[in-house]
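Let me begin by handing over the structure; questions about it come next.
The letters A, B, C, D, E and F name the chains in turn, as written, and every chain counts its residues from 1.
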Amino acid sequence: MRPSDRTPDMLRAVTLETGVNRYAEGSCLASFGHTKVLITASVEERVPGFMRGRGVGWVTAEYGMLPRATHTRGRREASEGKQSGRTQEIQRLIGRSLRAIIDPAALGERQISIDCDVVQADGGTRTAAITGAWVALRQATRYLLDEGVITTDPILDQVAAISCGVYKGVPVLDLEYEEDSNAEADANFVLTGKGDIVEIQATGEKRGFTQGEFEALFGLARKGIGELVTLQQSAAK
Amino acid sequence: MRPSDRTPDMLRAVTLETGVNRYAEGSCLASFGHTKVLITASVEERVPGFMRGRGVGWVTAEYGMLPRATHTRGRREASEGKQSGRTQEIQRLIGRSLRAIIDPAALGERQISIDCDVVQADGGTRTAAITGAWVALRQATRYLLDEGVITTDPILDQVAAISCGVYKGVPVLDLEYEEDSNAEADANFVLTGKGDIVEIQATGEKRGFTQGEFEALFGLARKGIGELVTLQQSAAK
Amino acid sequence: MRPSDRTPDMLRAVTLETGVNRYAEGSCLASFGHTKVLITASVEERVPGFMRGRGVGWVTAEYGMLPRATHTRGRREASEGKQSGRTQEIQRLIGRSLRAIIDPAALGERQISIDCDVVQADGGTRTAAITGAWVALRQATRYLLDEGVITTDPILDQVAAISCGVYKGVPVLDLEYEEDSNAEADANFVLTGKGDIVEIQATGEKRGFTQGEFEALFGLARKGIGELVTLQQSAAK
Amino acid sequence: MRPSDRTPDMLRAVTLETGVNRYAEGSCLASFGHTKVLITASVEERVPGFMRGRGVGWVTAEYGMLPRATHTRGRREASEGKQSGRTQEIQRLIGRSLRAIIDPAALGERQISIDCDVVQADGGTRTAAITGAWVALRQATRYLLDEGVITTDPILDQVAAISCGVYKGVPVLDLEYEEDSNAEADANFVLTGKGDIVEIQATGEKRGFTQGEFEALFGLARKGIGELVTLQQSAAK
Amino acid sequence: MRPSDRTPDMLRAVTLETGVNRYAEGSCLASFGHTKVLITASVEERVPGFMRGRGVGWVTAEYGMLPRATHTRGRREASEGKQSGRTQEIQRLIGRSLRAIIDPAALGERQISIDCDVVQADGGTRTAAITGAWVALRQATRYLLDEGVITTDPILDQVAAISCGVYKGVPVLDLEYEEDSNAEADANFVLTGKGDIVEIQATGEKRGFTQGEFEALFGLARKGIGELVTLQQSAAK
Amino acid sequence: MRPSDRTPDMLRAVTLETGVNRYAEGSCLASFGHTKVLITASVEERVPGFMRGRGVGWVTAEYGMLPRATHTRGRREASEGKQSGRTQEIQRLIGRSLRAIIDPAALGERQISIDCDVVQADGGTRTAAITGAWVALRQATRYLLDEGVITTDPILDQVAAISCGVYKGVPVLDLEYEEDSNAEADANFVLTGKGDIVEIQATGEKRGFTQGEFEALFGLARKGIGELVTLQQSAAK
């Protein structure tokens, strides 16, 4: 039934490749099928103005999509002169998700900037970005520990994300673009390694959807994120 | 326990006052306690470029906050030269929520623009905006029906919204600012009159939260939105 | 002769309602007939860069119009990404008018920001804004005196404003939109409580106009502003 | 008493030099003492969107100041990314002033764009711009008549402008920078060749000023504009 | 002598990998040592406004750098709200270089947009971009030929580019970042497959440099571009 | 053969007029035939952020073109809200060229800002700007020496620039617009007084061009710049 012949509860082939940027303190190329997001974690010895002088750290994220990451070329936001509402919404989500599992005091007054650039898009770019960003963040914080810059690990838990949706009436896990653009409802779930909720965003695309459907999506997400958490552990080693 | 002495499942005093703008085809001043959002619905005989020539309509929304709607004066987005990510996120949410209960074919190739301007903010501005916007939209579409511009009612259902959160460990309904800024988790629910889900946005602010907490919030939201739906019906008469 | 059946020297119904914003140090809803401007005065413990270190204060103003304040919906300046020339011209005028009756040394090195947002427009929004802004400013400075933040009253005089115009060949006071958009000439007068000139802006809209016409407009403005000054005193009590 | 030893009712040396741009249909270098404004009038076979299809013409103006036109270097608006409120206010005034003496039907559906660039500033740049712009506009419309593009002269009258102010308590004509920056009040007058009022902008800079002072300024302006009108006629020959 | 132990006339390891984007009509990952530029060629059935209606085609280019492509994180141009002068200069160079070897009439009224995104930077990003862009353009035009959209090959010749510089007094080929940032002079050469000059940009960084030095750089560039042209042919097969 | 009947190696009439701005520390009106660029050098007692605290100076340049400097009116960059890529490219070139002949330590921690505004354009505006900018810079630095602000002359050499091109198959010196817009190749050369290369920018406009053609252009440039260097010396006296 699915364009890729997956069963409803099956993830796409997921890889979390590290060491993909020579300069960044952490980096990860997160691939979910044809979706590929290049993520770097950069340590910066400064914090935003509103955080200055408190002695605690900050994690922030920016998100972008290369113009031809999609089927037809999109406009380059840098030449447009502004980031779209969608871009800002996504990068705010990534930042919040990572801050939920960080101890800012352990990080000290410094910032880790996460850059998520979509090299190729086939649905699920924001959840791939979050999942890979944890790996890059894990590396960057380990670097700070190894260098003796910090002494307490600021990472409190893992965090990973996946999208689910109701496609042709059936709840399915990890939507690819063809499914996503035709789904009756879709939802992004961000959970911690322990299974706590960090963020849920659920939207009825063509109609409202029922609580039962929502619960089915949540169940699929739990299963998928369980698998992602294991992949993150392998990648972060 | 709550700053306003409400019980956990109690809404603030809510009023949906219509006829508050002399020119707009629909208008509503939505008050949730001290939160006041002025909403207008404007019929425009044009649609955005990407919708042109299809013979179907569009509903869109813009959101703004007066600089002194808040405890301390915020910067005016018009003089800043751009809308914040938060503003864009909210106005996208309002637009999606309204489009979920509209039949675009019945509307014909015209647009209804919903403007939501927060005159005073005390938490829950986006959900107040959605709840009041439905009333303004109801008026504007009735105007089109009364004038004979359209012949089929494009409104398929009601839509209303409320925020809930975990405050001092207790799930509570309809957060005011003091609660919102100290909540462990908060969630915005947008449901149709029938009770279907249009949108859920749930965020752990300081920590992840459990599925049980989420379900308690959902239950409170169902109760609150049930009351809002009744208020909308009275206002729209 | 006038659309509203007023005599040429008659103001519209004017009200200056205070206490309309829960957070601002001063606030006023100025209504001139159907024109309604919501004004807040916000005390801020900082001054613009060019004023820093002089020990004296500053009063500034910003102006905006809600998109559907007018007969047809206008574009939202925040989403346009810039304020129009008209908006900037008006907010500069409001700021200058208020600074003319303020003793900046008595204010101390702090700023009062006046926000004027037009909720509904039917001509004369800038003059309504100035007239109401004085009331909000009066409240905010009284608040500073009452709190002991300052000890000398920085308000040296009142300031109020009105528009006049030549409509169908007749000089008339306090133009509403239908008159304004058809006037042969219009003029905005800003006078102090004592009757001194703070600002005059007179424009021939369709033709030049004579000195005699100008003097007739000035006479009408003196009469109208006399009445506004009395209304301000009542409102400010 | 005046820095330049002029009597109160004396203009600075004024020249209106034509033929200063090889490409423009009309051009004028307007010098009022050390103030020098380079003006071009460009005929364009299009009108702004809101004027299209009416068969009538439009005159518009833009104003700029070279960064080192002033005593200390100002920032370049093009690199700032926006025109200041002052710039927009001035260019709107220039455009209105010229449109007041133009018959748009005689111009046909085309636009004349007036560019006023201040090469050196010593007070009175906006009034110098208006005065010189009439000369450039006169040339550009004569060009259209000579080429047979239009058959009726669209110029209905002359228009010229001058500033006056109260300096050290004395009303004086044609303020230079040192006077302007210390004036108690200043006013810009735009009059037609016949002496009708096109625009008056009067501002109390440090205090309100009296009606008597205003009338003295108006009298000086009439005298000065009378002289400018004669100079325009010579220049336009 | 060189940080990488290369001889002065030696290129870094260069690879031009194709098929790196699933959607683009042409794509190439150009690697020059640690410099990696991801290039896509997108066929679009429209041309810019100034080219419309002429029946001929257009090739344009955009350039960007991921924030952590460099040793320290740079700001994201999309969130800055504008492209730097450097970025615009480079993308204009890439576009001009490609248009020099294209027959616009053979392309028909359509555009090929080249996107060059620097994934990792170690000097020579603009010349790597040009060299790889030719490969992507070759693929995209072959696609148009294969699909029968066009019948004449619009590619007239190859084009490739390399940087050279005077480093510690010695002319060297293909500067890496450490050399580039310490060079006394550097030059970018863009040549056709036949060896004609498309563009030369030579700059004395710390001092002027001599004609003899320039000629030595030109000679190195000829050698390097000769090798690149061969690599392009292999990649394009 | 040339539109102006010049021989291939002949400059246009060049004048470098000083003293053209009353306020600037240095100024020059550079005329190359009908091309006229007004240049000012402004001393500012500050340096850009990235230079602060090093005790050395900075020279920077900005470039602009009046809207009707050209045959048809161009858009005003200040009202467009951004500088074009071409403008930025040119002003970067001017700044680099001047910095190449300056000793920043001798200048002390201050900035000289060069403004180059094209009053009338007929080809070669960037090279006229560089040539005239040296004269303005020479004046501004002499002013600093004369005032005793600095004690060592920061000017190490002269710098001048000229364009050359292949027009109708013939290498010619100092292209005017008609030649420039039809040239097969053009090149801008920036040389020091001693003849060293500061910058070369050569572009094949319609085709690649040969090394022989390039060398011919270089020879012409040497001759032309030799003449300009003499003119600069006269102007700077």
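As a convention for this text, a contact is a pair of C-beta atoms (placed from the backbone, for glycine too) under 8 Å apart; a residue touches a chain by one contact, two chains touch by 3 or more.
Everything quoted here is computed from the prediction, not taken from an experiment.
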{"item": "Partner chains that subunit D and subunit F have in common", "value": "none"}
{"item": "Farthest chain (mean CA position) relative to subunit F", "value": "B"}
{"item": "Whole-Å gap separating subunit C and subunit E, where each centre is the average of the chain's CA atoms", "value": "58"}
{"item": "Centre-to-centre distance between subunit F and subunit C (centres being mean Cα positions), rounded to whole Å", "value": "50"}
{"item": "Touching two or more other chains - residues of subunit D", "value": "81-82"}
{"item": "Cyclic chain order when read starting with subunit A and heading to subunit E", "value": "A, E, F, D, C, B"}
{"item": "Contact set on subunit D toward subunit C in their complex", "value": "82, 85-86, 88-89, 91-92, 96, 100-101, 157, 185, 187, 191-192, 194, 196-204, 207-211, 213-214, 218"}
{"item": "List of subunit B residues in touch with subunit C within their complex", "value": "21-24, 27, 34, 38, 40, 42, 44, 62, 64, 66-73, 76-83, 87, 113, 115, 117, 119-120, 122"}
